[in-house]
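Below are structures written as structure tokens.
First chain A sits with chain B, and in the next complex the same chain sits with chain C.
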Partner chain A sequence: MGILTIGTFASLVGSMNLDFVVKLAATALDKGHEVNLWLSGNSTVLVNKDQKEFKDYSHPGVMLPELIDKGLKVVVCEACAMARGVPKEKAIDGVTYTSMDWYLAYGAKGDRLLHIGRE
Partner chain B sequence: MGLSILFLVQTPPYKSENPKLALTHALAGPLTELHIDEEVKTTVAFVGDGVLNCLKDQKSMDHWDITSTEQHLRNLLLSDVPVMVCKEDLEKFGISKDRLVDATEMGAEISIEVVPFSEIQAKIDEATALMCF
Partner chain C sequence: MNLALFVSDLRFNQETLDRVTASNLGVFLVENGVYHAVLKEGGSPSAVLEKEGATVYVLNEDLETRGFSGDEVDDRAKVISMSDLVDLIMNDYEKLAWL
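After this line comes the complex of A and B, so read on.
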């Protein structure tokens, strides 16, 4: 099995890119791959544990705790998250806060890098 | 050949965060050795509307109190991260080389390279990974 790193920068609400990313990560995990998910820019809001499941808005963040339990590594750009008012204490348990060099390192070193969705 | 990432910037400055994210990520290349046993080399290439990021004398600090894309570009040049801009796209906008960001007066040893798109395509082929912004 391989190591897949997915990086995304898309908005949580206003685009379906994060919805796609989370479902892709879930599928890859189910197939036995190791999956890293890098969140930067607006996508850092995905880890906010207080997101409500309104049916008018996509809410893929609610899937994260189960996926983290299955082995998904979720890594957040700390500066991007802090700029949006999502410090670690507001984040889902099991999420790592760090800087951009992590994404470059594991994105380039893994078997596949998928950079999905601009802002 | 070592690991390398090409950052391809297609979007104009300030309309979105995309160009700034590309530049700040590219600047993190030398720090990758903190995580893995080798440095990931980064290169930034501007094409299409993205070439507008390379204009000098940006006034974002005056107008919005935020660091300019120009300052991020200077940081890249000062860190010896190669920066390429598409010659054909500059010509479409009527932008001459003397209007581009430069950091040599701050001590940078490299400048923005104006290159034909074919050279950027070659860099895309060479890179371990491509990130489009």
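After this line comes the complex of A and C, so read on.
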């Protein structure tokens, strides 16, 4: 099995990129891989525990607690999250807040790195 | 280099795809990128399908979400599941890029 690191700078609520990323992470975990998920920019809103699900907006963040329990490492750019009003206290449990160097280190250490930029 | 290139939209920078070279190139059509495997514009199929030397894959889950089935897909694209996608990127393609 391998280590897959995914970094995303996706859009806000309803982002297709985040949909894809969370499904990819879930499938890779199920297949026994180690998965690291780095969230930057607007994608940091994914960890907002108060974010509601709307009929018209996909919110894959609701899957994160279960995936974290399965071993998914979710790491958020602290500066990006704070700038968007999502301090650590507002985040779901099990999420790490840190800075970009974590992403560079885990990106280099893993077997595969998928970087998803703007949307 | 074994490169997996993800195409995630119908409108994207085709020139980038044209200029990419890799010893083993997989083009993965995901999200709105799946339209490249099923739509024609001006009667012509997508130029993505004609990328020389590339193996083109299309993600089944994203096809179905958009109301298409496997038999509507151009023959040059292989329909895969998310599970297949994970196996391919973890085993066959060491570099991943996103368009």
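Methods note: the second predicted complex is superposed on the first by the 115 of 119 C-alpha atoms of A that agree within 3 Å, B and C clash if a C-alpha of one lies under 4 Å from a C-alpha of the other, contacts with A are read in each partner's own complex, and residues count from 1 in each chain.
Operating definition for what follows: a contact is a pair of C-beta atoms (placed from the backbone, for glycine too) under 8 Å apart; a residue touches a chain by one contact, two chains touch by 3 or more.
Computed from a prediction, not measured in an experiment: that's the story for all the values here.
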item	value
Partner chain(s) touched by A:Pro60 [first = chain B, second = chain C, both, neither]	neither
First (chain B), second (chain C), both or neither touched by A:Phe9	first
Touched partner set for A:Leu104, first chain B, second chain C, both or neither	first
Partner chain(s) touched by A:Asn42 [first = chain B, second = chain C, both, neither]	first
Partner chain in contact with A:Leu113 - chain B first, chain C second, else both or neither	both
First (chain B), second (chain C), both or neither touched by A:His33	second
Touched partner set for A:Lys23, first chain B, second chain C, both or neither	second
Set intersection of chain A contacts, chain C complex versus chain B complex	113, 115
Of all residues in chain C, those that touch chain A in their complex	6, 8, 30-32, 61-62, 82-83, 85-87, 89-90, 94, 96-98
Chain B - residues contacting chain A, complex	3-5, 11, 16-18, 21, 24-25, 27-29, 31-32, 34-36, 40, 42, 128-133
Touching residues on chain A, where the partner in the complex is chain B	7, 9, 40-42, 99-109, 113, 115, 118-119
Residue ranges of chain A touching chain C (in the complex, touch as defined)	1-2, 4, 16-17, 19-20, 23-24, 27-28, 30-31, 33, 111-117
